[in-house]
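You will see two complexes here that share chain A, one where it goes with chain B and one where it goes with chain C.
Take a look at the complex of A and B:
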């Protein structure tokens, strides 16, 4: 499959990542290799085979509506790269500018 | 015909209702509103690697209840799906939702607008998780994320584009809110965001069969604002078409402060959610027995109650509608009529005295001090002529202020028991007439309206305890005698 600039731009938009022209060339080539590798799978005839979504046949795995295992605010915020005492901090974005 | 009348309005609504479960949809952390930021969190809510979500059974049951109430088909097999997008309040980078096999399909909401009944068809209802909350004001340099709301269960109710006016939209959301409150699955509070509504709005010339570009309007925090936002959007679109311009397919945010809206995103950079099946959550299979059990556990719904009130208790459609508009009120009504068979009087008390009292002192029904059996006692006193209707109101007032005595005891204490003693009544009448000799003369000269003045005076003297019928008869008699 041919990966063109349009596809790269779309992925760039979806992933919120920006690439410079050199990076674009490299990514284009990498993506093509990956897609060609995956296309190998298309050689297999899967007519009449249901897609496998779940690795076992369990159904109705539900829990009762009871509070368990709460963790502290400190633990919740522990891995946030930026935080204050109460919140996770992220670069400023305001309604209307998302996307 | 004005330019606006040439157009037909086409609206579809997406209503999100937060379910009032104790814990989140896929994690066992609490859901209480107003907790300290980031205190209702678990590894699942944070989307840490290796965690496994597990469905809250209560969410499933509440979704089924709503589906049954809205005449939907309940899908026997349910799958969850990942809806992918990157946003700071979505820790996993995807929202767990339902795509191809949602819990409910079809169904309808029945609304009444300008005395016309209309069924608004539903596309689907699905289960999903809420995202966290963003705060852009507290910190000058950063946006702040609170994940307490992330994972709160939501039901998204999607209508067909069947709604033809902002009034119909208003009635639709009102009806849904009433229903979720009756079912006790959501508090229906739009101000706190536990019920949210997005409107897909387009217009077309009357007679056109194709839909034109639609605009999604978000961020309305009350039912009134849903109506306002639609009115604003309809006008904006018609004005554009009339000016020979096009309406872009986009998402806009309503600003309730000034009644305008602004563009959030256009079609070019619309979301591409790339749904795929959520392999961490096994399918949910709903057996017929489970459906039957849930159906049997459901409370009476407002439209059923309304019919019952009209047929069993002979209430007018108007009274029955008012009472069933609110679950608390209809429950209260059902309790009053356990103690009295004067169904009409019970309805009148609720729809008039009680409602206006609650409105005046601005409290809700749950904080109302008067017990249903006390109202029944008052009704009894009026029915057997022990107190007048104005005396009854005084008893009610005393009860509302916390008086725990029976209606009879209060009537006695306040000297409201109607006297049938003709001597006492004559005495008051005599006093009243002596006080206003001029008015008596006027009456005798034909100004019969003065009668009310004397009645009022006697009522004052007797502290409302006079039987108005007897009083009127006796007064007229006395005035005759004097002439």
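Take a look at the complex of A and C:
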């Protein structure tokens, strides 16, 4: 698999990661190596094999639908980089809204 | 104060009041500080450890019933959270994070009167096999400080190997408990997938991750597993199966049927001394009356690529929570929401984590999903079913834990070469079966060489009993 700039740009948008031109060269080559390594799987015939998705054997593990408050609002806000008493603050992202 | 390598001997001295728990913890904290150069700890919980010691001394004075883990000094990997204590997953993106809640395993340890002494260094978000991908730098191997500790739970392994505490918890996604245990000469156990709650463990590959103990003795590993295993309302993948009393059946006089993979032992990447040690182990088992047979594992070369497709995919999804908004690092120069995400993540994550997030996003993306992700899930089924079938026919599968002993810091630069170091450990995670690394051999220059045993799902009882007979400290 050849990795071009277009793929990196698309993934960069999906992953919310940015790469400067120098880093872009490095990630392109790294990703290409990793994908080539992964492509070894193509040697194996998997015709008719169902994908294995869940490793746990129990299906539909349920519990009573009870409301718990394991964490207070204060505790939940404790690590926010920017906040007021009730909310996490982020830069403005809707036009006309005050930050 | 003497060095305690097993909980039983420590408890005997605590119960006979040879010294107080507080004195023991003070001594432990001094020992940890004196070994700061090993870089095993990220955070030392001096205050809460001493507080817990005071509480336990009071309980002992008042003749109150004490828990199974009374006095156990235990460290937790920096990706396991403890309420009101820092945990960062050895990542810059969580620098300064204080957990508002405790992992289920932490709650269970504290309920049984263990003392949590701190969090240990690891590869960032458990991604790596040498502890060199940590924001805090590599952990030094106490057997040779120019060598790596192994990883990703390198700090946990070194904390125990260097006698800084009696036990530690790590997490194992593809060998991250067993491989550093092998490199550092101690016992490392990865339980069956679903045996131990993952609540409060920073998720990497959710269908692979399991928490497990590092100890000197198999007995202590069994005891800790007995405490931390069991159903949890906060983790639906954690099994409601009854937890056996592992410590009450630690001897087996049975003769077992054991399989080994000929092509694994003969694999070109296996160090000659590791291969020789494994042959020695096979001979010993035969002499002790066990049946040891060679079988072929045709999919050996496919398990690591399949593992990387699946874990990077799960990681790319799991690590989307680190966005600079709710907690952790936020880039100062961000001007809008998009740049908050992008700059915080790009500055907060290390290189290896970024590579894995990118790989994972690729294999999950439209147009490539079937060829990579779905393909790897099919390979996972083939390998898992084969593993279960082998473990129906045989009691155990044995192989070296890692293809080499601990290597020099900086010696393995290439991601792919580092991936191949997982070749013997990932099978247990692919299939969800338990595996244990036992420190049975040494290289000529004194480096530990671990041997791994895998058993069928939920067969920790049999695995631990056999391991305990093989490894006597």
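In this section, the second predicted complex is superposed on the first by the 93 of 99 C-alpha atoms of A that agree within 3 Å, B and C clash if a C-alpha of one lies under 4 Å from a C-alpha of the other, contacts with A are read in each partner's own complex, and residues count from 1 in each chain.
Throughout what follows, contacts are C-beta pairs under 8 Å (C-beta built on N, C-alpha and C of every residue); 3 or more make two chains touch, one makes a residue touch a chain.
Please read all numbers here as calculations on a predicted model, not as lab measurements.
Asks: Look at A:88 in the shared chain and tell me whether it touches chain B only, chain C only, both, or neither; answer first, second, both or neither.
Replies: In the superposed model, A:88 contacts both chain B and chain C.
Asks: Looking at the overlay, does A:11 come into contact with chain B only (first), chain C only (second), both, or neither?
Replies: Second partner only.
Asks: Please indicate which partner A:61 is in contact with in the superposed arrangement: first for chain B, second for chain C, both, or neither.
Replies: both
Asks: On the A-aligned overlay, A:70 touches which partner chain: chain B = first, chain C = second, or both, or neither?
Replies: both
Asks: If you stack the two complexes on chain A, which partner ends up touching A:53: first (chain B), second (chain C), both, or neither?
Replies: In the superposition, A:53 touches chain B and chain C alike.
Asks: Which positions of chain A sit in both the chain B and the chain C interface?
Replies: 10, 14-16, 53-56, 58, 61, 63, 70-71, 76, 79, 82, 88, 90-93
Asks: Could you pull out which chain C residues touch chain A in their complex?
Replies: Chain C residues touching chain A: 96-98, 100-101, 193-194, 207-208, 233, 236-237, 239-240, 299, 301-302, 305-306, 308-309, 312, 316, 320, 323-330, 334-343, 345-346, 349, 354-355, 357-359, 361-363, 365, 371-372, 374-382, 384, 415-416, 419, 432, 457.
Asks: If we count contacts the way the header does, which residues on chain B are in touch with chain A in the complex?
Replies: Going through chain B, the ones touching chain A are 21-23, 28-30, 36-43, 46, 48, 54-60, 79, 86-88, 134-136, 138-139, 141-147, 219, 253, 262-265, 269, 271-272, 274, 277, 279, 281-285.
Asks: Inside the complex, what are the residues of chain A that reach chain C?
Replies: 7-8, 10-12, 14-19, 27, 30-31, 33-35, 37-44, 46, 49-58, 61, 63, 70-71, 75-76, 78-82, 88, 90-93
Asks: Which residues, counting only chain A, touch chain B once they are in their complex?
Replies: Going through chain A, the ones touching chain B are 10, 13-16, 53-56, 58-73, 76-77, 79, 82, 84, 86-96, 98-99.
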